[in-house]
Amino acid sequence: MNFLFNNIYYIGSFGLIFIGLFILMTKHNLIKMIIGLNIMDTGINLLFITIGYVRKATAPIFSKPDLNPQNMVDPVVQALILTAIVIGLAVLAMALSLSIRIYQFYGTLDIRKIKEQKW
Amino acid sequence: MYFIGIIITGIGVIFLFLGSLGIWRLPDVYNRLQAGTKCTTLGSFFTIVGVGIMEPEWFWKTLIISIFILLTNPISNHALGRASRKIGVKLYDGSVVDKSKEFDEYRENL
Amino acid sequence: MIFVITFLVFVMLASAIFACISIDLLNAVIASGLVSLITAILFYTLQAPDVAMAEASIGAALVTAIFVITIRRTERKE
Amino acid sequence: MRKIIAIILLFILSFAVLSSISKIPFGISKTKVGKYYINNGIEQTGAVNIVTSVVLNYRGMDTLGEVTVLFIGAIGLMAILSTITRKTEKKLTPSSSILSTGCKFLFPFILLFGSYIFLNGHLSPGGGFQGGAIIASAFLLKYLGCYEKRINEKKFKVAESLGGLVFILIGISGLIAGGYFLFNFLPKGTAGTLLSGGIIPIIYIAIGFKVGAEISGIIDNLMEES
Amino acid sequence: MVKLIFLTVISGGIFLCFLRMLKGPTPSDRAVALDTLSTVTTALLVLLGYIFGRKVYLDVSLVYAVLTFVGSVAIARFLEKGV
């Protein structure tokens, strides 16, 4: 029980990453695979923020005077993930537009039925 | 001031829980929409304003949040109800009145 | 506090699994919206309000809308 | 069969990853560079929000690259969708009057809220990326509610290019004034007020316009061309 | 102490909505559950901000209050074939 409470954020982020990988490995539908990619993206963001967390600390915003600078979480990780989320949206939109194009060309979204994909 | 805030927040939290209970217990989509709109709008209004009363410095910002909830929540629920009416989700068997169907018939006979 | 966080993590994982097993793609999109919603709460409890705001403003509206538009242009069943 | 192989692979992978990640402790401050930014951030940049000063000042080059990636993504989406031949016109259900009135009423408020978010980026959580996403959501709401209204694509492209141009021009003028790219050459002001932080608010306004215009362009392409 | 009781009750609400999201026979039920859940979440975020004691955190719940209905409207317009 104690182990569970200490590592609950790690369990959540790795659970999301592995569920996303499982969807990517076993499903045949393109949109389902992109949903898996989205879930995996969220899990990786959660993992990074978890690594930057400091216990009993607060956010690095000096909005009121009585804040202790020794007692703050890591700002570098948050800055990295902030940009990664927006990039994730652009990549997602581009992948979905590719799947629309594939559907219009082949008439299906099942990757087993697309002939040129077998190599 | 603190105790007034605690009481108002408690009322709001109870309303939120009752709304969620309605989502789980009621029989069809339209009944669930009743619980999901009215109960949770009132509940979140009380909860957020109660937090603002507990901490008087936050009051105006919490009031803005609750006003936005009052504006946006009915719109989305109306859109969901209309959409499920249009795609023909069935009513609960025990329901006694169907005003929307009556209105459609009235408009056809016009 | 820690009990609530544990509970939220398990709800998040369960909805991710539901997104994996559902046949109808619209259900999967709704479940992934729920995953994004709860992840924003977890970012908030990890003291990262900037990231929580980005996840809320992107995951709540834009990702759902983009998926829904794509499903309308293609087909809905898996 | 496929699922069994996938599950076995996942178990092997999870064992490897967990054995490597278990060395990382949870809840302890790990990096020295984060401490340095927290201790010296307000004096060196003038912004109260340290995340903002990391995004725009210490690591401003990364943000420029990130904005470029976003731009390339939008361009690629436009190129892919422009090759689609339009089929017969689909018949769309018009929205109800409650929805369209509500969207018309809420649209200016959401725009105002987005600009509040990216103007106050150096004082409170928020910034150009979040504000841009909120503005794009306002345009998405307009598309969902009142279908006949379209955005003016030419003006959006002008806004997007101006955003990128302002970013690079400020960086180059920092190069001229102080010796390196994105040097904070404007006066820093007193920390905690709106007019503080030197170049940070200006770049965040530029990024807000650029991200908002790009994501609106993505939604417009997805809605219209296919 | 009182705040922790409030958090627990709201978590119970989240759990009930989540069960409806898993069970709901039609997609409309799930969408209604998601919409209710986002409203409950906004209240939860305000309570958490009070527990952490920072005023600047309220901006996040403001984003939630303004933006989560856009996703619900998108799903509704998809269901009535309007997108």
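Going by the order they are written in, the chains are A, B, C, D and E; count residues from 1 in each one.
Just so it is clear, a residue touches a chain if its C-beta (ideal position, glycine included) is under 8 Å from a C-beta of that chain, and two chains touch if they have at least 3 such contacts.
Because the structure is predicted, anything quoted here is derived from the model rather than measured.
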For subunit C and subunit E, chains touching each: A, D
Subunit E and subunit B - chains in contact with each: D
Most distant chain from subunit A, judged by the mean position of its C-alpha atoms: B
Pair joined by the larger number of C-beta contacts - A-C, C-D: A-C
Centroid comparison with subunit E (C-alpha atoms), farthest chain: D
Identifier of the chain whose CA centre is least distant from the whole-structure CA centre: C
Whole-Å gap separating subunit B and subunit D, where each centre is the average of the chain's CA atoms: 32
Between subunit A and subunit D, centroid-to-centroid distance (C-alpha), Å: 16
Gap in Å, rounded to a whole number, between the CA centres of subunit C and subunit B: 22
Multi-partner residues of subunit A (at least 2 other chains): 9, 22, 50, 52-53, 57-59, 61, 63, 78, 82, 85-86, 89, 93, 96-97, 100
Subunit C: positions in contact with at least two other chains: 29, 47, 49-50, 52-54, 57-58, 61-62, 65-66, 69-71, 73
Shared-contact residues (touching 2 or more other chains) in subunit D: 49, 51, 93, 95, 99, 117, 124-127, 129-130, 133-134, 137, 140, 144, 215, 218, 222-223, 226
Pairs of chains, among all present, that meet the touch criterion: A-C, A-D, A-E, B-D, B-E, C-D, C-E, D-E
Contact set on subunit C toward subunit E in their complex: 1, 3-4, 7-8, 11, 14-15, 18, 24, 26-27, 29-31, 33-34, 37, 40-41, 44-45, 47, 49, 52-53, 56-57, 60-61, 64-65, 68-69, 71-72
Touching residues on subunit C, where the partner in the complex is subunit D: 49-50, 52-54, 57-58, 61-62, 65-66, 69-70, 73
Touching residues (chain side subunit B, partner subunit E) in the complex: 6, 9-10, 12-14, 16-17, 19-21, 23-24, 29, 32-33, 35-36, 40-41, 43-44, 47-48, 51, 54-55, 57-58, 61-62, 64-66, 68-69, 72-73, 75-77, 79-80, 82-84, 86-87, 89
Subunit C contact footprint on subunit E (complex, rising order): 4, 7-8, 11, 14-15, 18, 21-22, 27, 30-31, 34, 37-38, 41, 44-45, 48, 51-52, 56-57, 59-60, 63-64, 67-68, 70-71, 74-75, 77-78, 81, 83
Touching residues on subunit A, where the partner in the complex is subunit E: 58-59, 61, 63-64
